[in-house]
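This is the structure I want to talk about, given as structure tokens.
Chain nomenclature is as follows: A, B, C and D, assigned in order of appearance, with residue numbering initiated at 1 for each chain independently.
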Amino acid sequence: MSTPVLEVKNLKKYFPIQSGFLKTRQGDVKAVDDISFTIQEGQTLGLVGESGCGKTTAGRTILRLTDATDGQVLYKGKDVFKASKKEMMELRQQMQIVFQDPYSSLNPRMTIGEIIGEALVEHKLYKKGSELTDRVTEILELCGMARYHINRYPHEFSGGQRQRIGIARALALNPSFIVGDEPVSALDVSIQAQVINLMKDLQQKLGLSYLFISHDLSVVKHISDRVGVMYLGSLVELADKKDLYDTPKHPYTQALLSAIPVPDPKKKTKRIILQGDIPSAANPPSGCKFHTRCPYAKEICKAEVPVFKNMGSNHFVACHLVDQF
Amino acid sequence: MGKNLIEVKGLKTYFYTKKGVIKAVDGVDFAIQSGKTLGIVGESGCGKSITSMSIMGLVPAPHGKIEGGEIFFEDRDLLKLSEEEMRKIRGNDISMIFQEPMTSLNPVFTIGDQITEVLILHQKLDKAQATKKAMDMLTLVGIARAEKIVKEYPHQLSGGMRQRVMIAMALSCMPKLLIADEPTTALDVTIQAQILELMNGLKERLDTAIMLITHDLGVIAEMADHVVVMYAGKVVEDASVEELFENPKHPYTLGLLNSKPNMSVEKDRLENIPGVVPNPIQLPEGCYFHPRCKYATDKCRQAQPELKEYTSGHKVSCFMVHKEV
Amino acid sequence: MLKYICRRLLHMIPVVIIMSICIFGIMKMAPGDGVGYNLSPKATPEQKVAERKRLGYDRPVYEQYLRWVGRTVQGDLGDSSIYKQPVSRIIRPFIWNSFKLNVVCFLFSYLISIPLGIICAVKQYSKWDNFWSVFSTFGISMPGFFFALLLIYLFSVKIPLFPINGMQTPGLNASGMTAALDQLNHMVLPAIVIVIGGLAGLLRYTRTSMLEVIKQDYIRTARSKGLKEKVVIYKHAFRNALIPIITMIGFEIPALFSGFVILETIFLWPGIGKILMDAIYRRDYNLVMALNLFFATLTLLGNLLADIGYAAVDPRIKVE
Amino acid sequence: MKIEIKKPTLSALQEDKEAVIGPWKMIWIRLRENKMALTGLIIMGVIIFISVFAPFLTPYDPYQYDFGITFQAPSMKHWLGTDEMGRDYLTRILYGGRISMQVGLFSVTVAIGLGALIGGISGYYGGWIDNILMRVGEVISSLPFMPFAITISAVLGARVKEEHKLYLIMIIIGTLSWPGLARLIRGQILSLREQEFMQAATALGISDRKKIVKHLLPNTYGYLIVNATLGMAGAIMSESALSFLGLGVAPPVPTWGNLILYARDMYTLMYRPWLWVPPGICIFLAVLSINLIGDALRDAVDPKSNR
């Protein structure tokens, strides 16, 4: 184990629900509700969960794109939420993000060169001129694009190429930690593979650490070293990839894994089908949030919030009944 | 071998745009037997959705036009039927469910209204009978409290519930063929599992043939009996599901299978298909796949391969496979 | 539904307050002290001061405002200097006259433009659609008053089909049917101007919102059910397209009244538009204020009606 | 034999020969392809030309009266005749165009300036500022436009010098028509603020000022231009209507609106159509051409057609 790049401690992000004439606060949507994890240098932590589980909000809160409600994020020991404006500028060089939507993530009124070079100028690393162009070219080529793309506009590129540009933009400042917020979800399968390979290559070449957010368990399995599973704002399980996929301990993880259609017609295994819908995050169930859909739920699950405890070899699970599995 | 319920022969659907002709479907052949499921796989823009719209007779006029081919449904060529006759088939003998459950239901009518509408139209039921039947259908697709749901509006339901409603609506006239266009793509994994299980169960109970369009090979393996792989408006491979997954022949099929991370096999790199799907207005000469094919030869660049039998029941469209190079 | 209406009404309160301040403020800026008309021109300065005191004009502005609001709420809008009568009594027949012309035109333009807009959307890019598109572009570009003048010139002067202006033939001492027909005859030209102006805008609007709806997924669903194209368009699509159209109607009601100001002046139609102009030319500020208040109330009422119509058509509104 | 494609940028390579098409150029190309817009542009071009070069196109002075030749019918010497003071009417129309277009342009500038500023502040900062500004906008847009414009113009007009009435009209039209625009810009900014490229800019540490100037504003220009165009059509209409009622720009300064005022004289209306039809046609053509351009622009800047 090397040093942790990122430590997330008890992170909370609540969005107030306002309504009525005077916009009074009616309650909170607990988008991220007390999650903790660490990411080691050069490693990838995958964060999986279904829509509305708070994984995207978690990624953005960690980068301080929105203010956290509570909790701590340490980047190489530095408290991100307490950083001053100047310190934050330095941290921004270290921590970057790649987005899901290849269309809305690039400003349609800027050329590719401007998109990638903007931050280099802003951080006073380069002045406008040939050196900047060279640096932008270098990054573009690193991402499988070419120099002549510099003067083009985003609308001239396909989804996959746009995603490469998005990655190039994130890499421009030479960061060491990147949040990938569903970076391949909007792409076709064959293009997905290209982008995943690119991200893996870049990780090896540049020693990057990733927080890889996705709803696709097979993609996460491929790219991650450690995987966390989220449900309604909470982490329910966090373990090394092999442990999590081979011996999932939380009933939700088990159901999630068994729900994935396997591209092999001979392996038609009996799957666990969860009943009902994902409850609203504005009004989550009491106790263990999963109890309404859990096939094993007991009385205790409705009453008490389970502890997120280490079951050995850093395999964390939040379930009252974990010892019975 | 059962009898073919529907047989598509040499279907060509073109779109006439300002920039040129888009051959969205360019000579497609396949057949579906009664009670069986045919999977159609391909990436965005391969013409799979347009194929289904062609069968339904809903190619958007005036830009889109069916330029050739035959679609035999129970010995009648659908392309030769009048609009009046076609309408009697739509929603009655052939019905359809779509990818976006959130937008596929009319927001200003109740669920009950929308289901009974089909029943009153095709089955000539009166309002009370139709409502009763609608509730039965909702119960059949696993919706509890059907009598309450019929009075609700689509926005009051979750995505999974809406897709169930769509299925109930599509199946209410006991169609012989159900076309499902990416029915689970917009849904979460656990909800997808619910819907797939539901569809499999209903297929057995109602003896409905299904034409399942998807980009997800996992879903295909799970659901289909037979598979057609499409690329740039053409069928490149056609085989039974076991044969296709065990013995894929076309380089594109191979590429697709390999570019998706596999849950059971650990790989360091994904094998990807380089390049992007060709621009439908400027399709390459020869085999449409050759610019992305690592086996491409001069012949592939000049001539178009035909879809020919490789072994019994397994057709491939590739010079290399047929050893014609 | 009732709760929804109450909420909308509650929402309107601050708007009404600010609006009344605006109206009051503007009138306060009017030149002259507004004392003149009740007194003879020979009034002594002492008499003027007394009159000012009687009207409360020596009080601070906010107090005057509150008093004005108080009186207005009780229905006392002051006296008109032209007619030497309480404003609230004299404007009633004028409102009725405007209303007559308005309702006729309003219904007409809606009855024509909505179906036309739908057909245009369904037959997008056809010759029919192109014709009406050009028509409506011309229609919205034509200044109403100029169009009115042209009509008078063509159909009253050159070919004397209709009366040039007024609401009834002077000296005609008829009643019943004859009088009604006479009035109808006077209404034709102004009605044409209003209907064509309204039609152009509404036709465009209906067409655009219909086109937007036709692209939606649920229309594809409706077609895939085997429904007749008529049912798809007039039931499934139209009901959805109606939502923006209703909003438009809410805005249109007061806009029609607004446009009247000019047309009534040209056609000498004795409605509120015309007396607004008379009042302005002759500086009858109580009347001006009352009419503005009336127009503003009407606008708010239009908005409220639109909100209600909105909620009636769109089931998604109620739960919010 | 095997052919390896090293970089997945083949199709981009093929496109390389094409020139780079920026977003503005794309709008221009779309506009040029639209026949209606082209017609509008040509009409507008002619109107602007004659307004700008009016002094060179006519030998007469618009204010030079000659009571010897009042109310003459059109002739070779005076193409559109003369008015009640013997001024050449065509000259007055040419100069009137100048004023009408100016009023239109300035009113729209006022409206756009206020609308963009207020909408921008509302959208970017949100919270109570947004609440108050939008409420005020709501009130103003609830005021019935014409009666209010008339009332304000009459009330304030009496306190303003005749030659300054021009500016009063511009300000009245401008201040009464900003709310719709402000609401639009606000909505636009709210949705832009949520766009991922704005988040990316934050993540890259781009300063607030640059985020607004380089990322937010350029993406609203398209909407601004469309609305400015359509707003100008409305402003020209409003000015002409006010002037026609005698509550706008006052003679002797000629505008198309107050030139039609002659038609309120029954005799002129009936027997001297050349004194009121030409300015009416001018207004119609100006508004029509602007509407044509505006409609085409709206389609051209639509981001949906970018995909």
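Rule of thumb we're sticking to: contacts are C-beta pairs under 8 Å (C-beta built on N, C-alpha and C of every residue); 3 or more make two chains touch, one makes a residue touch a chain.
Quantities reported herein were computed from a predicted structural model and do not represent experimental measurements.
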Interchain contact steps from chain B to chain C (minimum; 1 if touching): 1
Comparison of A-B and A-D (more C-beta pairs in contact): A-B
Chain nearest the global centroid, as defined over all protein CA atoms shown: D
Euclidean distance of C-alpha centroids - chain A vs chain C, Å: 55
Chain centre separation (chain B, chain D; CA means) in Å: 50
Whole-Å gap separating chain A and chain D, where each centre is the average of the chain's CA atoms: 47
Centre-of-Cα separation between chain B and chain A, whole angstrom: 32
In chain B, residues with contacts to at least two other chains: 274, 276
Per-residue multi-chain contacts in chain D, two or more chains: 7-8, 11
Complex contact set, residues of chain A against chain B: 50-51, 158, 160-161, 188-194, 196-197, 200, 215, 217-219, 221-223, 245, 255-268, 271, 273-275, 277-278, 293
Residue numbers on chain B that touch chain C, as the complex places them: 56, 58, 62, 87-92, 95-96, 98, 100, 103-110, 117-118, 121-122, 153, 155-156, 166, 169
Complex contact set, residues of chain D against chain A: 7-9, 11-13, 15-16, 20-23, 26, 131, 195-197, 199-207, 210, 214-215, 218-219, 303, 306-307
Chain C to chain B touching residues, read off their complex: 125, 216-218, 220-228, 236, 239-240, 243, 313-316, 319
Chain D-facing residues of chain C, complex: 14-15, 18-19, 22, 26-27, 29-31, 137-138, 140-146, 149-150, 152-153, 157, 164, 254-255, 257-259, 261-262, 265-266, 273, 276-277, 280, 288, 291-292, 295-296, 298-300, 303
